[in-house]
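Note that the chains are named A, B, C and D in the order they appear, and that numbering of residues resets to 1 at the start of each chain.
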Amino acid sequence: MSAAAARDEAERERRALERTWAVPGGFLGWFKVSDHRTIGKRYIVTAFVFFILAGIQAALMRLQLAIPENTVLGPDRYNQLFTVHGMTMMFLFAVPVMEAMGIYLVPLMIGTRNIAFPRLNSYSYYVYLFGGIMLYAALFTNTGPDTGWFSYVPLAGPDFSPGKRVDMFAQLITFTEVAALAVAVELVVTIFKLRAPGMSLNRMPLFVWAMLATAFMVIFAMPAVVSSSTFLLLDRLVGTHFYNPAEGGDALLWQHLFWFFGHPEVYIIFVPALGIVSSIIVTFTQRPAFGYTALVLALIATGFVSFSLWVHHMFATGLPLLGLSFFTAASMIIAIPSGVQIFCWIAALWRGRPRFQTPLLFVVGFIVIFVLGGLSGVTLASVPLDLQVHDTYYVVAHFHYVLIGGAVFPLIGGIYYWFPKMTGRLLNEPLGRWNFWTLFVGFNITFFPMHIVGLQGMPRRVYTYPANMGWTTSNLISTFGALFLVAGGVMLIANVIRSARSGALAGDNPWGADTLEWSTSSPPPVYNFLELPVVEGRHALWERSADPPVVTGVRSDKREVLVTDVMDAEPVHLSDMPIPTIWPFISAVVTAGFFVTSIFTPWALVYWAVPIFVALTGWFWPKQGEEGDTLEDKQAIPAESAA
Amino acid sequence: MNRPAANVDVAALPDHAFGHHGMIWWGTVSFMVIEGTMFITVLVTYYYLRLRVPFWPPSVADPSLTWGTVNTLILLVSCIPNHLAKKAAEDYDLGRVRLWLVVAMAFGLAFLVVRAFEFASLAVWWDTNAYGSVVWTLMGLHTTHLATDFLDTGVLTVLMFTRHGRELRRFVDISENGLYWYFVVASWIPIYLTVYFAPRWL
Amino acid sequence: MIIRSLTLLVLAVVAIGCSGLQAPLNPAGPSARSIAWLTWTFFTICGVVYAVTLSALIWAVMRRRRDEDDSPRTSRRLGTVVGAATAVTVMTLVVLTISSIVAGRGLTTPSGAGAVVIDAIGHQWWWEFNYQDVAPSDWVNSPNELHLPAGVPVVIRALSRDVIHSFWVPNLQGKRDLIPGILTYLWLQADQPGEYRGQCAEFCGPQHAHMAFRVVVQPVGEFQEWLRQQRQSAASPASAEAQHGQDVFMQSTCRTCHTIRGTEAGSRVGPELTHVGSRRSIAAEALPNDRTSLTTWIRNAQLVKPGSRMPPNPLSETDLKAVVAYIQGLR
Amino acid sequence: MIRALIVLLCVTLAASACDREKRPFAQPANTTVEKPDPYRDNAYGISEGKRLFTQYNCSGCHANGGGGIGPALMDDEWRYGYEAADVFATIAGGRPNGMPAFRDKVTEDQMWQLAAYVLSMSGQARLDVLPGRSDHLRSRTAENLTPATDRRQTGHK
C-alpha cells in the first residue's frame, strides 16, 4: 500500500490508542487514575513534600543543638521531632520515592503500556498518602511519636508511653508497609511478565535489575516489622505480653524483629540508587555498562547478605560474643559487593568519555561521600569499636553519609536525568551545578564534624548537652552547614518549578541514552509506545537495527498489553489492563479508617469488616467495558493457539 | 510500508493463561510469599518466647486437641472440592466449577464455625501471659486468612453464576483462588503442630 | 573538597586526642585502650583505602582520553584491575575482621583476680550503684557517683528498673545496655586515680540527655576509706538551721521518696541521700552540688530537668534554706 | 463544604488529642491548682498517677484496686463521692477507719494525678486516655480493658 495510506493507518491507530488509554477527566477522574506515570509522579511529588517536612524538622533540631543547654525546643517537642524526622525519612520519603521511580520508569524501560495490577498501584498510593497525613495530623496535635523511629520497648510499651503517640508510630508502619508491599508485588510481576519481546533477563537495564532486587527485599523484610509493630499495638491496646519480661515476654524480641527488617531497609533504599547510578554512568560515558554481570551479581549478593546483618545493631545488648563475631564477618562481607560496584563505576569513568553534566556530578559526589560512609560502616561492623561509638553521633554521621550520600545524591541526580522525560523540559543546567556544589559542600560541613563529636563521646538523641564537654564547636559547625543544605533544597525546588514551566524543550532523547524510555516522546503519551518495541540488545537504543522491528497485533481498542515469559521474554499471551475505577480509592479510604480506628479500639475490626468487604468486592467485580473472550469465543479460536 | 521480518505478530495469542504463564499466578504467589513470611515471623516469635521460660505452657493447661484436630481434618478434606474446582476451571467446565465451588464454600463455613470452638478450647487468654498472646495471635492471623479466603471464594462463586462467569479469564481466577486455598491449608499445618503439640512436646 | 575533609580529619584527630573526660580515644583502662588501639588501626587502614579510591576516581575523571580506550584489550585490562582491587578488598576485610575479633576477646574476661562486684541500676533518669557486702548492713548505695579502686578489675552487674538504658564510660570500656528482665555483666578496670564521666547511651525518655554519672577512681586505700565512710549512717544536723531542715524534710514530701539512713526517711523511690553532701554533683550531673543549685532543684526540679520524677516542692523560703543546709551537712 | 468538614475534623482532633497528650512538666513551685481535676482526660497525668499508686504503696491496702485492708477501687462503689475532687479530698485529708492523710507527704499536683488514676481504675475516663497493662506480673485486667461503669447510676452508697 502507499506511504500516505500507511500514514493514515498509523494516525488512526494513534487516535484509537489515545481513546483507549485516555486518563479519566473530571474531579472523580482524579481519584480513578491508575496509569503508572500519573501515580508514579504523584508518589514522587508526595514523597518530596514529606522530604521537605522532615528537612524542616532536621533544621529545627540543628537549631536546638547549635549551642549547649539551648532551650529553643524542650525535650518533649525535640523527641517528637527527631522521631518523626526519622520515620518520615525512612517510611514516607526514602522507600516510597525509590519505589515511585520504579513505578514510573520500569514499564517504560521494559517497553510496556502500564504496570501490572494498576488498581493495586493507585490503592497503594492512597494508603501511603493517608498514612502520611495521619502522622502529621498526629504531630500537629501533639501526638507525634516520641520514642525514636526504632521505638524500643519497654519505653514504647504501654507502661512508659501513655497516650496514643506510639500507636501512631505502630500504625504508620502498617500503612507504609502495606503500600510498599503492594508496589513490590507490582514491580516483580511487571519485570517478570511484561518485558518487551527480546528483553531476556541478561538484557535487562541495570536500573530494572536494581528495582527487582529491591522488590524482593521488600517482600521478605517488611512482614517482620508488620508483625512486631502489630505486637506492640496489641500490647498497648489489648494487654498482650509480647514485650513484658514479667509475663514471659522479652524486650529483645522487638529489637530482633525490628532490625531483621531495619537493616534490609537501608539496602531497600540504597539498591535502587545503585540502579540510578549505573544508568547515569552508562549514559554520560556513552559506553556500554562496564562489568554488567558483576554489577548484577553484586546487587543480588547485597540483597541476600543484607538479611544476615541485623544483630550488628544489637552488639551492646550483651549477646554471646561468638554469635556477634559471625555478624561482624557478615557485616564485613557486605562491603565486598559495594566495593565491586564502586570499582566498576570508576573503571567505566576511566574508560569512557564522561560528559560532566549535573546528573554525573551528583554521581561523582555520590562516590566521594558514599565510600567514606561505607568505610565508617566497616568500622561499625567491629564489635569492640561499635561498643564505643554505637548510639553516638559517629553513627549519625555514618548513616547520613550512606543514606544521603548513597541514596539522596543519586536520587537527585536521577531527577535531573529523568525530569526531561517526565515533563518534556530540561532542568536548568547552571543552576543544577550550583545546586550540586551547595549540597555537596553543605553536606560535608554538616555531617563530617559529627564523626568527631561522636568520637568525643556525644550520644545520639539528646535534646541538649553540657557546655564543658568540648562538643560545642562541632555542633555549631554542623548547624552552620545545615544552612547550605537548606539553600540547596530551595535551589532544587526553584529549578524544578521554573523548568517545569519554562525549561528548554528536551526532545525524545536529550542525553543520547540507551534505554527504551528514551525512544518515546517526552513526556510519554498515555499509551507509552505507539508500537510496542522488540529489543535487540542489552542497550536497546544503541543496538537496534536501522528499521527496528516492533510488536504487531496488539489491539488498540482495549487496554491490551503483551505478557511474555520470565527468562527470554517470549510472547505468551495478551492481557487486558483493568480500566480506571474509583474502587481502589474507596478501598484505601476504608483501609485507612480501619487502621486509624484500631489505634483507639480493638472493635475497629468489627466496625470496618463490612465496609472493607464491600469496597474490595466493588474493586474486583468485573466492570462495564472490560469484557474478555467468553466460552463462546473459545469455540471460535483454533485449537493450537488456544492451548 | 514493509516491515523487516523480525516483527513479532501476537494477534493470535489468547487473552489469558493459567499457572506461571499468566500474571495472576505471579501476583497470587507473591502475596503467598509475603503472608508466609509473616506466619514464619510469628512462629519464630512463638519459639523464641518458648526459650525465655523454663516451663511451657507457663502456668496454664495445654490446649485440648479435639476441635483443632477436627478442623485440621476438615481443612485437609476441603482440598478435594478445591482441587476439583481448580481442575474444572482449567478445562473450562462451568457446570463443574459452580458445583465444586459451592461444595468448597460449605467446607469453608464448617471450618469457620469449628474455629470458634477452637478459640474456646485454648485454655488461655491473650492477656494472661506472653504464651497466650502469641497463641491467640497465631490463631487470629490464620483465622483472618480463612475468613478472607472464604469471602473471596464466595464472591467468585456468585460471579460464576452471573453472565461474567462465561468469561474465560474468570476460570484463571478460579484456578489461582484454588492455589491460594492450598496455601491457607498448608500454612495451617505448622500452626496446628505448634499451637497444639509444642506445649506437649517442648 | 576532599583536601578540606582530610584536613578536618587531621584536626579531628588532634581534637579527640586532647579532649577529655568522656572520650573513647582517651583511654584510661585496659579495655578502652585495646579498643582505642583497634580504632586507630581501622582508621589508618580505612583512611588509606579512602585515599587510594579517591585518587583512582580523580585520575579516572581527569585523565586525557586516548583512542585505544575503546579497544577490548583496555576493557580486559580494566577487568583485571577491578578483580585485583576486589581481591585486595577481601584481604583487607579479613585482616580487619580478625583484628576486631582478637581485640574483642580481651574485653570479656577480667585480667586479674579479686574483682569488685558493683550493681549498676538504671532509673529514669538517674543511676544507682550498689556495693554489696556479706552483711546487708554494710551495703553501700551511691547514686550517680561510681567510685572505683585504681588498678583493680571491677565487674558491673547491669540491670534496669524501668526501660532500657546503656551504661557507658568511654574512657574505661565500651557500652552495655541495661535491659529489664535481663541481667548482664561488664568488666572494666581503671589504671590511674582520676575522674571520668559516664552517660546513658540508649534513648530512655524525656531526660535521656541529663542521665550522666561521675566516675571517681581512687587508690585502693582511699576507696576502702570511702566505702567505710559511706557505710556510716547519716550525720546528725550540726546547726539549729540544719536541725530545722531535718524536721522539715521528715514532715514534708521529701521523705516520701528519699532514704536517709539513720532517720525514719526510708523510701526507695528516689536516690538515697545519706551522704549526698559528699557528692560532686546532683541530679545525675545536671547541676553542681552547691547551695544555689540545691535550692533551684528542690524548689522546682522541672525547670532544670523537665519531666524528671522530682516534683516541685511547696516549701517556704526559710524551710527551703533549712533543708538545703541539712542536705549539705549530709557528708 | 469539604474544606469546612476538614476544618471541623482538625478542630475536634486537636481538642481531644491535645488534652490527652499534654505533658505538663514545668509546674509552678507552689502548686495550688485552681481548676479541680486538672488531669481529667490527660493520659500522662493518669499514668503518672498509676506509677505513684505503686511507688507510694497504695496497693498495700487497696491491693491493685481490688481491695484488701482498704476498699476496692475498681468497682463502682464510691463511699465519699465519685468526682475527682472527692477522691482528692480523701487522699489529702484521709478518712475514718484507716485511710491516712497525705496532705503533707505528697504534692498537690501528685494527689490530683493519683485521683485521676483512681477514677480511671473503674474505667471512669475517656477510653483513649486509660493506661494499658503494666510491665509487671499480671495482677489485674489492664485499665483500658476494664469496662466503664455508668457514673450516674452509681455514686454515693
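The working rule: contacts are C-beta pairs under 8 Å (C-beta built on N, C-alpha and C of every residue); 3 or more make two chains touch, one makes a residue touch a chain.
What you see is a predicted model; the values in this text were computed from it and never measured.
Q: Have a look at B-D versus A-B and report the one with more C-beta pairs in contact.
A: Counting C-beta pairs in contact, A-B comes out ahead.
Q: Looking at CA centres, what chain is most distant from chain B?
A: Following the centroid criterion, the farthest chain would be C.
Q: Using mean CA coordinates as chain centres, what's the chain A-chain B distance in Å?
A: Here chain A and chain B have centroids separated by 30 Å.
Q: CA centre of chain B versus CA centre of chain C: separation in Å?
A: Centres of chain B and chain C (C-alpha means) sit 52 Å apart.
Q: Taking the mean of the CA coordinates per chain, how far is chain A from chain D in Å?
A: Using C-alpha averages as centres, the distance is 45 Å.
Q: In chain C, what residues contact two or more other chains?
A: 180, 206, 306-307
Q: Provide the list of chain D residues touching at least two other chains, using ranges where the numbers run on.
A: Touching at least two other chains: 23, 25, 133, 135, 138, 141-142, 145.
Q: I need the residues of chain A touching at least two other chains; which ones are they?
A: In chain A, 74, 76, 154, 160, 235, 238-241, 244-247, 250 touch at least two other chains.
Q: Among all the chains shown, which pairs meet the touch rule set out at the top?
A: The list of touching pairs comes to A-B, A-C, A-D, B-D, C-D.
Q: For chain C, which residues are in contact with chain D within the complex?
A: So the residues of chain C touching chain D come out as 180, 206, 251-253, 255-257, 269, 299-300, 302-303, 306-307, 311-314.
Q: Given the complex with chain A, which residues does chain C contribute to the contact?
A: Spelled out, the residues of chain C in touch with chain A are 1-2, 4-5, 8, 12, 15-16, 19-20, 22-25, 32, 34-35, 38-39, 42-43, 46, 49-50, 53-54, 56-57, 59-61, 63, 65, 69-70, 74-75, 78-79, 81-82, 85-86, 89-90, 93, 96-97, 100-101, 103-105, 107-108, 124, 158, 162-164, 166, 168, 170, 173-177, 179-182, 184-186, 197, 199-209, 285, 306-307.
Q: Of all residues in chain A, which touch chain C in the complex?
A: Per the stated touch rule, the residues are 74-76, 79, 147-148, 152, 154-155, 160, 245-246, 250-252, 287, 290-291, 294, 316-318, 321, 324-325, 328-329, 332-333, 335-336, 339-340, 342-344, 346-347, 349-354, 364, 367-368, 371-372, 375-376, 378-379, 381-392, 440-441, 444, 448-449, 451-452, 455-457, 459-466, 469-470.
Q: Mind listing the chain B positions that touch chain D in their complex?
A: For this pair, the touching residues of chain B are 127-129.
Q: Please name which positions on chain B make contact with chain A in the complex.
A: For chain B paired with chain A, touching residues are 1, 3-4, 6-17, 20-23, 26-27, 30-31, 33-35, 37-38, 40-42, 45, 48-49, 52-53, 58, 92, 94, 126-134, 136-137, 151, 155, 159, 164, 166-169.
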